[in-house]
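The structures considered in this document are given below.
Below, chain A partners chain B and then partners chain C, in two separate complexes.
Moving on to the complex of A and B:
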């Protein structure tokens, strides 16, 4: 569902309202592992998420394309990009991924937004102490 | 059997304005002014390796703010505070480390409006008139109390005032860490309040980095009518997040690329300021960037302002909340000829930005 309204008041001014027109959604996720010293490479992390999609949604689900935009190996936090219609599938498979190589794990979804720009200005990260 | 639509696309709202600073009907000043609670401002200047001195001085002159720890909210109704600060206007206050979807949040706006976003139990204990939040899911679990402290009914001693004061003081005992802006009249008006609690003063934190060989959309030469605001904002977000933007189509990890047509910049400067930032300071920054652009032909600059995720209001008095995300930001792309593109984005359940 998308709607575009236009208002042309003069040659210079133009306003467009875009509803539900963002093609992608972006997630900031953090992987919490039982053994805190375990490290994954970017490729291993993406493969792990794909295996989660596969276990929940099968081969067709595992074909859902998503991008690993940024990965911090020390903090195990990543920025993911997925098509908007695939957000529910990706998010639910992240929620239900419970173990990595025989140790318990959990994905914490820190932030979700239709705008990547919103993920860079999260006021919940403000530390004043 | 109930089926769940797994392909349901979550909602989003983006307002894209195109206008000129020289057009007398442009509303950019009021749009900036109405966005009361700003957390982060980031500026992207192409072909710059260090901040020009005037820009640097504007950034360094952003007002500092106070953090008051564990402040009882009834203090905002203190007679001395109201007379010396709140009634005079220009005081911004926001509860710190409170989540608008879980905890109780408080905002004090410069026009003297106090807004409380409360969970159901707190609202019932407080016993003051309020409305159910727009961000309720099925049942009413959050309520919003909004009072105009400058209204005659809220004058100290008046019925409305006494009811709210008693509620905050005796019934609800609402206490949060509180961010308070520096009052233009000087610190003296806030000293009485600050002296009663543990407080600290903070300067907005400035960070800058230089980017080299940056591929960027050809903003000046491309046909701007057809450019997609979403892909421009995605590129801007990728620059801000330092995500990789050069990905071949066969890359396993990511396929994010710079929108076409693109050019390459030798260098660009990205500066960000974080804290409780005032619209007046942001307005001065915009004017300074415009002055900078006047001396640089064929150039552009981008300024992005992020609002607080947990602020109970976004633009003006419009209620803001967090369903999936709490974004409320605007991004201003300015050109040498005083034209600009303004993108205002917010969660789909928020009211449309002005």
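Moving on to the complex of A and C:
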């Protein structure tokens, strides 16, 4: 590849690989509840996720900082941001969180990316008109 | 290559009231450690604690404990030890704190360290003894001279420390 570059500079192809490019990871999650008409506020959702972290990872886990960047109350869809070192803990505690106020619930993780821009486009929800 | 490796933590139990130290037993310390790990690290921590953890040795007179942890997770479980505030034994709560003196790969290395540590403590405590009177110093001297039992080093040093603690009281 580098031999070709020296001859013809206009058709140069360079691939850049970044490792650990972003300090944060962004998750788009959706909460599915047994009773579909229940509504949670943003504060209640964050408290719920912290309680899940606390049951699985204890006080140290509950101290894991994460942010709720966007929240759609009607669809119960949220955008979370966490430091990359805490991604595994957060994701595993979301997986194992099973009940909210005595009703069964589940967190569906729709998208995960280290870049926020990558979460704007989603080929699953692509509408071709 | 196939050997199961573990880490032995040599800890000292600090109690404000020395007489209550005698109430300790190994199961009480084990429950206290498990409870602290469950509080600090949750279900993940208690799962790590079930497999390789045990209290290998406890000396109620000097407050020395050997804790055995698996090598993979000893640092995580070690980090939960400062959160122990009391040990419950025989219905009584003993307020205490655990501080770690040494980490070893085998019980034998921990024992060697304990012998060296006890001799250092002896050298630190003996000058304090001098002011009390001649007969106590004679007692200590006699106890040390009785200590040259083959293979009985550890128990002998602990007996000395016990005598010294009684003197200081």
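Definition applied: the second predicted complex is superposed on the first by the 109 of 129 C-alpha atoms of A that agree within 3 Å, B and C clash if a C-alpha of one lies under 4 Å from a C-alpha of the other, contacts with A are read in each partner's own complex, and residues count from 1 in each chain.
To be clear about the criterion, contacts are C-beta pairs under 8 Å (C-beta built on N, C-alpha and C of every residue); 3 or more make two chains touch, one makes a residue touch a chain.
Being a predicted model, the structure only gives us computed values, none of them experimental.
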item	value
Fit or clash between chain C and chain B when superposed on chain A	fit
Touched partner set for A:68, first chain B, second chain C, both or neither	first
Chain B versus chain C as contact partner of A:85, first or second or both or neither	first
Partner chain(s) touched by A:120 [first = chain B, second = chain C, both, neither]	first
Partner, of chain C and chain B, that touches more residues belonging to chain A	B
Which superposed partner A:55 touches (first chain B, second chain C, both, neither)	second
Contacts of A:32 with chain B and chain C, given as first, second, both or neither	neither
Contacts of A:104 with chain B and chain C, given as first, second, both or neither	neither
Shortest CA-CA distance in Å separating chain B from chain C in the superposed model	5
Footprint overlap on chain A, comparing chain B with chain C	none
Of chain C, residues touching chain A in the complex	37-45, 79
For the chain B and chain A complex, residues of the former touching the latter	6-20, 23, 25-26, 39-40, 42, 67, 96, 99, 200, 202, 229-230, 233-234, 236-238, 240-244, 252-256, 274-275, 304, 306-310, 324-325, 327, 329, 331, 339, 345, 348, 352
Residues of chain A touching chain B in the complex	1, 9-10, 12-26, 42-43, 46, 65, 67-70, 79, 81, 84-89, 92, 111-124, 126, 128
Residue ranges of chain A in contact with chain C within the complex	54-61
